[in-house]
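Please find the structures below.
In the two complexes below, chain A is the common chain; its partner is chain B in one and chain C in the other.
Right after this comes the complex of A and B.
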């Protein structure tokens, strides 16, 4: 297996080479959903799963409580395809679009549409993802009652206090550099509100964001909004905001039914 | 009625300001000014004071006063200055303070009005919009959503590269950024303000890289610039052949893109990894130059100053160009003089002195002369 660094580099700078078929033994690694995974991680895992489902690619989910430390970029989920380990949403999309034969969700979009799709993906990354991180690590109630116990759950006593503390320090310094840790909860809610407003305007009454077929953006938006809607939290403001947008709620329900109900039944 | 104060970084390199966010807000201001040239309406009991301003130069400020006889129907309207302000807007005073210390967040631009201060570009935009200043009134809600999305794209993909270019690249930081901001903020602050901004910028850039991976700085740089190039390509494709992003009139997205790209195009950077790629996106360069020439034309004084500066530079270059020849000429002249003097001494018998000197005899004063004479 190649080194971690090379793998990320190869995922980030995917060279156009010979396209290969999708192997059968693809694993998607993530942390345990029941007692461990956090809101932002859960959302990005669901986005990746939705993307793979939309492509019709087979994968099996592997649960590991140290998945985060196995990942080349330190974030879940990551997938193992033959000799490659690729983590996070965008590199996985880049890999599937360029290296795997016959799967390119946004291939039929024109240049302008593709630019808009990337812009909306950046919007979700910039606002929804940061808001999820904020609510998990900067809101005192959620931090004490949900985030710290869950994040420390795989470790024995002194570590289950120390490891979340270290992670908390990393997360807050990251949010501080991005200018999010200075915000109040109501400011964050306002940001989420404008983001959802924009997504809702863009979706309008259509089934998907662009045309009649799903794109990467649909997978990303579904992953984040569905997780926000369905995850029970002591501070439930994000879900309340999303619930105000009927077309987004229906969109989540539709995608869930179309791509996830069948797999769960089988 | 108080005017709004906008504190910004000063301009340079033919730009009204060197900072991305300041440029964006200045654009909004100038746009408003160009389209509704009434700048300042002051209502008194018997008169309305209207100020109009044309161009960026504050010297071209026209004031006219309309006296209103008492007892007219619209006196009620005039008696309510708040309503009138809301209708016509208040003026924005631009102050190139270059002093981020007074700002609540330590960043410029700052918009101050009625005791409250706004520093984020989006906050300034929404505040101005509430005051009926603004730019995106003609857009529908879908287009506004697009603007929000593209703003996020710029923030997540292009901003890290720009910060890296200005603050992370040691050559640019030492040659351009630190001296510029150092001289802009003045002496005692120049010791710490550029360093503080440097730290904030590098922290922001670091969030884009994977902290868990031990990437070399070169790899990080490649990653950041690759994303930025992708972002520029996407913007260029979105713009297409249109004069502005949403048709014929500019929107806040044009303002933001202009803010990001103009400093990169105008500043004399020693290295610029994005310039080559930006050069291929011709429509974006054109957008920036169009905005600069239409919204921020140089005033006569500035043109004069620019001409003088260029002349001075030319003269200096010429002087520098002449300099090596002059030394060469001097050296040649000195060599020629020396050699002719030596030749002269050689042919006029004084040479004998030197030979005897080398021999080092005690009574050498008489002997060499005799020798020399004998030889000749």
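Right after this comes the complex of A and C.
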């Protein structure tokens, strides 16, 4: 009963709270880029960063090796805005759209376009994200040479062996429930191919997926595709598929140029 | 039961002990200094137990020179045999040797009864909140015939914090000495620290050695524990979140217990001192030094009353410059520690979560009196007393870069004080208290619980 009450209470605060300006001291928590973070987490961190950059919202990145355990949902990234902690892409977008004054990337879309955008976002979530998890935890080479050493890197012996093993069990159980762990690598690649095909066709020769302004879909797609393209992996199948779609590769380069190279320079 | 005596010296009485260990002795000095020595020892009833470990329980038995010494040695051997915890009954008889040429010779006959190898039990306890706390135990005694013991123990508490513990422990007396125990165990503990908004699972191995000295009983122990801490819900405060995650504690600890109290549930005299030093950092990623001290002193007063003074303190110092994890910190408050406060509700808080501190101190003064409507002697009156108490304590975050003056100043600012009266009950390890508490000195942020407070817990009497 208390959990229900709490949920209602927190929903009410989000609903009823007046829109507020974006504070200056917003922190984005994630695990270490070098040596620790895994492909799916890295991609979702980049999506959130891209979204915040597109909105022009200021934030600072805080690196913690236990960011996953600090997060309210057990996943990275999460942002700290005053007393609020919000984790993962969708809730962060929801928070910014409803709570923060003057930022709603998809505000000028009509209902049909917004539904279409939701559908593409679901496609990315269902296929790209699961494929990233699959390649990290179900592919034996990647698991042994990349995932396990990186995931265990913050811990001393014997935890550097035990903690990845525990995570492996959780990840494979989740993928099994979703029907992904039974797939072969080529089946996964086919799905990714289909997903990229759909995205590529929707993007066509435009700068952004909808009109001439970025939406949350652009942030999400950029985060995942850019990470897949740029992360060195012993099994590079996913990157090879994405590379076949020129307009997606250019899209990634353009977004990176527009929103990230400037911030790094300043 | 009595040993028959066929000696010419018929005025003597046999020294005899029964199964309960009561000793029947003639009070006669000249008799006690009568020349005597033990010629042979016979142990009857050994089945599974190996001879060598039994023989080690009779040190110096052949050096006795008079009846008094013979009696002392026999009694000592009987006690040692019992402490091995493998015999359900022992009984010592002294018989004259059947050799008329040696009138001073006696033979020591020890009758033992080996206990069952497997022993188990399950208790269901229920507290006033209706929480059921099962406790299941299985013991295997004397596994390989040398007093080895294996114990599997599963406990589940849901009062205050839901906690479960499963523990598999192997112990073995070293060199046949029942007081020198080697132990090896594996343990998993799951606990919910509601006051601090997190839950934790500890899994690990420990290995220890317990031995006596002139100071008391020492325990040297190595602990290797994998700890996983997770937030309880979305309300968990940020400072607590920062120490969530996996950690590996590998520590060496030394505990000294000097117990000079009576055996009754509420000792009326004597004292108990416990000191612990723990060094974490033998491998693992948790590095600290912990020092703890507990002292209990009892003094008997007229009319069956007694006075008890409790003092406790602990300091924890991080050795690798990083903040101490919340799982290692000290918390204070609750119906069995600092009464009149919520469980671990003392000290710095953030969003309703207690944050703990790296040092604590606690003092208590109790006046125990017998129940007014029950006779003082025996029965349930032995286990229940009324008591009036004053508690004082504090949690202090010590900054070790500061000088003594500044640290002492922090301690002076810290005290919380409460007083009250109620009923206290002690049955074996379990302690129950029902008190009316009045917190008188409270710091901002403390979670107080004035009025009626019920507490159940484990307190080593």
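The criterion applied here is as follows: the second predicted complex is superposed on the first by the 250 of 266 C-alpha atoms of A that agree within 3 Å, B and C clash if a C-alpha of one lies under 4 Å from a C-alpha of the other, contacts with A are read in each partner's own complex, and residues count from 1 in each chain.
We take it that a contact is a pair of C-beta atoms (placed from the backbone, for glycine too) under 8 Å apart; a residue touches a chain by one contact, two chains touch by 3 or more.
Keep in mind that this is a model prediction, so the values were computed, not measured.
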- Message: Let's test your reading of the overlay: on chain A, do chain B and chain C clash or fit side by side?
- Response: fit
- Give one of first, second, both or neither to describe whether A:118 is in contact with chain B, with chain C, with both, or with none. first
- When the two structures are overlaid on chain A, which partner does A:201 contact: first (chain B), second (chain C), both, or neither? first
- Mind computing the angle chain B to chain A to chain C from the CA centres, in steps of 10 degrees? 90
- Query: If you stack the two complexes on chain A, which partner ends up touching A:85: first (chain B), second (chain C), both, or neither?
  - Reply: second
- Between chain B (first) and chain C (second), which does A:72 come into contact with in this model arrangement: first, second, both, or neither? both
- Of chain B and chain C, which one touches more residues of chain A? B
- Query: Which partner does A:162 contact after superposing on A: first (chain B), second (chain C), both, neither?
  - Reply: second
- Message: Once chain A of both complexes is superposed, is A:178 in touch with chain B (first), chain C (second), both, or neither?
- Response: first
- Query: Thinking of the overlay built on chain A, is A:126 touched by chain B (first), by chain C (second), by both, or by neither?
  - Reply: first
- For the superposed model, what is the least distance in angstrom between any CA atom of chain B and any CA atom of chain C? 6
- Residues on chain A in contact with chain B in one complex and with chain C in the other? 72, 74
- Which bits of chain B are touching chain A when the two form their complex? 105, 141-142, 144-146, 148-150, 152-153, 155-157, 200, 203-204, 206-207, 210-215, 219, 222-223, 226, 230, 234-235, 237-238, 240
- Over in the complex, which chain A residues touch chain B? Could you list them? 4-5, 8-9, 12-13, 72-74, 111-112, 114-116, 118-120, 122-123, 125-127, 170, 173-174, 176-178, 182, 194-195, 197-199, 201-202, 204
- Which bits of chain A are touching chain C when the two form their complex? 3, 6, 10, 64-66, 68-70, 72, 74, 80, 85, 155-159, 162-163
- Note on the structure: Seen from chain C, its contact residues with chain A in the complex are 226, 229-231, 233-235, 238, 241-248, 283-285
